[in-house]
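Next come two complexes, and both contain subunit A; in the first it sits with subunit B, in the second with subunit C.
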Partner chain A sequence: MSVDAVPVLQVRDLRTYFNTLDGVVRAVDGVTFDVGRGETLGIVGESGCGKSVTALSILRLIPPETGRIVGGSIRFDGRELVGLDEAEMKSLRGHRISMIFQEPMTSLNPVLTVGTQIAENVVRHLGVSWRQGLDRAREMLELVRIADAARRLDEYPHQLSGGMRQRVMIAIALSCEPRVLIADEPTTALDVTIQAQILDLMLELKEKLGTAIVLITHDLGVIAETAERVVVMYAGRKVEEASVSSLFAQPMHPYTRGLMRAIPRLDIEADTAGRRPRLQEIPGLVPILTRPIPGCAFADRCGFATDRCRAERPPSVEVRPGHEVACWETARVAEAA
Partner chain B sequence: MTAYIVRRLFATLPVMAVVAVFVFFLVRFAPGDPAAIIAGEDATADAIAAVRAKLGLDRPMLEQFVIWTLHLLQGDLGVSIFSDLPVSRLIEQRLEPTVALTFSTLFVAVALAIPIGVIAAWKARKLVDRLAMAFAVLGFAMPVFVLAYVLIWLFSVKWGVLPVQGYSPISQGLWPFLEKLILPSVALGVTYMALIARITRASMLEVLAQDYIRTANSKGLATDRVLLLHALKNAAVPIVTVIGIGIALLISGVVITETVFNIPGLGRLTVDAVLKRDYPIVQGLILVFAAGKVLVNLAIDISYAFLDPRIRY
Partner chain C sequence: MSTAPVLEVQGLVKHFPILGGLLQRRVGEVRAVDGVSFSIARGETLGLVGESGCGKSTIGKVVLKLIEPTAGRILLGGEDVSSLKPGAMWAHRRRIQTIFQDPYSALNPRLPSGTLVGEPLENFGLARGAELGERVAKLFERVGLRPDAMRKFAHEFSGGQRQRLGIAKALSVNPDLIVADEPVSALDVSVQAQVLNLLIDLQEEYGLAYLFISHDLAVMRHISHRIAVMYLGRIVELTTKRALFEGHLHPYTEALLSAATAPDPARRKRRRRIVQGDVPSPAKPPPGCHFHTRCPYAIAECRTLAPPLIEVAPGHHVACHRRPVGGGPHPLSTTV
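So, the complex of A and B:
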């Protein structure tokens, strides 16, 4: 295996639990995936499926008073991050692995200038002077195409629009040219035209800097446009993983199929009576994560479920090259398509 | 900003006018008569009346008020009934100890409270936090005069490391000046420290839960930078507000502390003047306190703009 083929990030059987008043929530319950160098991996799933917790776990930013990584392994460049001491973790954060968050309106510090917030990251990790840090900050603002960068350095977040703030977040995250950028719903809070601009910008900079991106979203549309490979998560577990083309051409897990059917489509003509087919939702509710789920987490909502599905957890199996699915009834599901 | 400050300074004039009217009539409606005190216990009614006439207290109250106000507008606070000294000079003489005590107390309180509050918030619900907050409650509950005598007993009587009481002006050397301020500042500062520490903790806890703190952590910044720059600057507005309110509380605290530690400051002057019904002094002092309070409020309001760029005047 050549050096290039070694994934930059390897997550194995990651389990992150939270202690709540209702009991232990298994927010991430055995998730495995790899991120190749310079690759864009999408993680998709609905709210509460554990995708954000997965991201925070990789950076080891789970608040220790509520949650913790109880098992599994996260390897970055071959180095184990689970159990790595905090000082070393701090030197990786913002430097080798960085993150941008969903809410650009609240993710920047309101009382510090944009320049300070970018420069401090550069100064912290690259050991340059403050002046050089600010120069780098101006460069980064130009790179994320903020006009009049030199003036913007002295501005505060409230003087910028939502789209601009997210550009600033990207500038911060990429200021030390990280190997991995984790983007947690980076465009969800933005309006659609800005969303496209931000995604394009991220992809362009990824090409330029060779950064791998883990893009977390609930929006299959964003995945289709941006990612190369996708992990579908449900109730803290990975249910399917495939290349984007394979997943959209032939989704294998009943949950993935449900998600696809739940996308509103504008290309379906209304019938003669002027009706369009009803949007199909997935029946039932997400399981309660404080109760251990012995079988498949989706079994209760699944039309294909058998007794085995409810009793035994299905392993993730490669059904086609590069296409994995965790389902006992793959054959029946495939036939039904 | 300058325009705002000038506007605010002008706005203090009506406040001061109201204070002036209020204090003038309040001291006169209070029971007690300075003429009777001067004339002595066995004085006849005639003798008292004579003293009253000499002091001008027999004139109609409104007339007295007009005379006082006219003098006041020329910057003249009047003359003490008892000592015949100008009130402004009396206040000037007593100003240094009080200002010194106020600032040293403020320094003690803030220098202890902010680190305690920040650490308590950072280690919220852990042992350090519980100890810090227990200390804060205890400090807040402890009356100044009790703590003052305990401190004097320990540090002055038992160990003999600090002077029992008194005051030494700064012009007579820095150490004698500081040495005599330490115990009064600690005694007065502890209550106040407890208040600021609790507010600091509460304000920091709220800020530490914000998204931008998670962002700061995701950058791998050092803990002290996250706490002291990213969090504390955001938490500062309520803290500074409480410090300002505290300065007002301090003024009343100073009266007791000055008495216990025998410091010749404004607090003692106030108590003495009130007991003797020395109207001009009481009036002058209240005006000075009010002006001080108004200026502190202004300073606090201006500081907001420096702490939070979203606030503009």
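So, the complex of A and C:
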């Protein structure tokens, strides 16, 4: 295998659990995926399916009072992160692996200027002088296309619009040219015209810096327009993984199929003969994560489910090159078209 | 039966004072709604779409008479109710109901759900005692909840079920119009479909009209008959759903549609025209056309003169100086 083919991030059978009053929440329950160098991997799924916990696990930011990585492996550049001591994690975070969140206000420091926050990150990780840190800060603000960068350096987060704050977050996250950028719902709080600007910017910088991106979202539209490969999560598990073209052309998991038929479409004429068509509903609710799920997590809501589905957990199997599905009934699902 | 629209809004303006300084004096105003007119027919869904802060919820609140407009008229079934005193307004209240984005905060946590749903029926004196219970049970069934759930409290329901409670409550008094402010935005997509289907079924069954507020264009395309696109307090384009998606004329509509994503990777190849810049503050809207600071088509006139909303084709209204005139080619047609 050439060096380029070695994934920059390898997540294997990751399990992250939380102790709560209601019992143990299996927030991430055996998730496996790779992120290639410079690749954009999308992780998609509904609220509570474990997307953020997956991201926080990779960065080892699970609150230790309640949560713990109970199993699995996370390799970054071949190096195991599970069990790595906090000092070493600190030198990786914001440097080799960075993260941006949905609400930039929660991760920006309200009492420090934008310039200080970018410079701090650069000085801490690259050991350059404060002067050089500030130069880099200005350069980064220009890179994320904030107009009038020199002046903005001295502004505080509250003086910026939502879109600009997210640009600043991106500037901080990319200031040390990380190998991996984890973006957790980076545009969900933004208006669509601003979302388009930010997604565009992320993809452009990814090309420029060769950073791999893990883009977490609940929005299949955002995935379709940005990701190269997609992991679909449901109830803490990966149910499907494929290239973006394969996933949207031929979704194979009953859940993925259900999702795609449940969403109203912007790009398809909604009315036929003047009537609004019905959306396909997915009956029922997501399972409660404190209860052990012996079989497939989707079995309760699935039209294909058999007794085996309820009793045995389906393994993730490659059904087409590069397209994996965790489902016992793939043959029947494929026939159902 | 009267043919007057269920709701007519004429020249609606709502300014909120900005207070400042030690004495909390009025130092300016937010022009949340800046002269908006539209009407909704029986059985029709008018979608109100636009980015955060453009005034959608404010319009909903004025229509619901939760807040007083600064100027403008509201007509219900042809009758001007703008200046009615609260007492006289009472009779009309029943005709407009609402469902909110976050059903949880809108439902009293201390009352059983059956009592909650029956509240409007009781308040308007429409049912009591056993009859009330029966009608509430029917409502539960109609929105897809089990009648024995009437004893449960709001927190014992899922988000989608709570939205059904809100819908049952709104429906209980046979309104003509429901103002639905982002009713599915807080729901997971798999549950959104259930609620959208229910809303459409109820509309067809009871001839309900909806003022449907959303920032999600795909949801809009699904549920609306006509759509009004708003930008900074004004309607910039108002037309049928089909005309909006296939023949929109306003540069902001173009920007909005082009920025929206769809679950189809092939769309990546389309020519995206991403408008640059941020939405200006409604406290300091730009002069002229509010969109001119971001509009790629702006001309000198746009910077000084607010374009009126003009009907350029039957039912198709546009507020743009560069709208098509005299049947000539439209400026956008060469670029899309």
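Definition applied: the second predicted complex is superposed on the first by the 328 of 337 C-alpha atoms of A that agree within 3 Å, B and C clash if a C-alpha of one lies under 4 Å from a C-alpha of the other, contacts with A are read in each partner's own complex, and residues count from 1 in each chain.
In this section, contacts are C-beta pairs under 8 Å (C-beta built on N, C-alpha and C of every residue); 3 or more make two chains touch, one makes a residue touch a chain.
As the structure is a prediction and not an experimental result, all values here were calculated from the model.
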For the overlay on subunit A, clash or fit between subunit B and subunit C? fit
As a test of reading the superposition: which chain, subunit B or subunit C, is in touch with more residues of subunit A? C
For A:Asp77, using the defined touch cut-off, is the partner it touches subunit B, subunit C, both, or neither? Pick first, second, both or neither. neither
Degrees between the directions from subunit A toward subunit B and toward subunit C, using C-alpha centres, nearest 10: 80
Subunit B versus subunit C as contact partner of A:Glu103, first or second or both or neither: first
Is A:Asp300 in contact with subunit B, with subunit C, with both, or with neither (first, second, both, neither)? neither
What is the contact status of A:Glu120 with respect to subunit B (first) and subunit C (second): first, second, both, or neither? first
Touching A:Glu139 in the superposition: subunit B (first), subunit C (second), both, neither? neither
Once the structures are superposed on A, label A:Ser161 by its partner contacts, choosing first (subunit B), second (subunit C), both or neither. second
Note down the smallest distance between any C-alpha of subunit B and any C-alpha of subunit C in the overlay, whole angstrom. 8
Can you tell me which positions in subunit B touch subunit A when the two form their complex? 124-125, 210-212, 214-222, 225, 229-230, 233-234, 307-310
Going by the contact rule at the top, pick out the subunit A residues touching subunit B in the complex. 59, 61, 65, 89-95, 98-99, 101, 103, 106-112, 120-121, 124-125, 156, 158, 169, 172
Subunit A to subunit C touching residues, read off their complex: 46-47, 161, 163-164, 191-197, 200, 218-225, 244-245, 248, 258-260, 262-267, 269-271, 276, 278-282, 285-286
Give the list of subunit C residues in touch with subunit A in this complex. 51-52, 158, 160, 188-194, 196-197, 200, 215-219, 221-223, 241-242, 245, 255-265, 267-268, 272, 274-276, 278-279
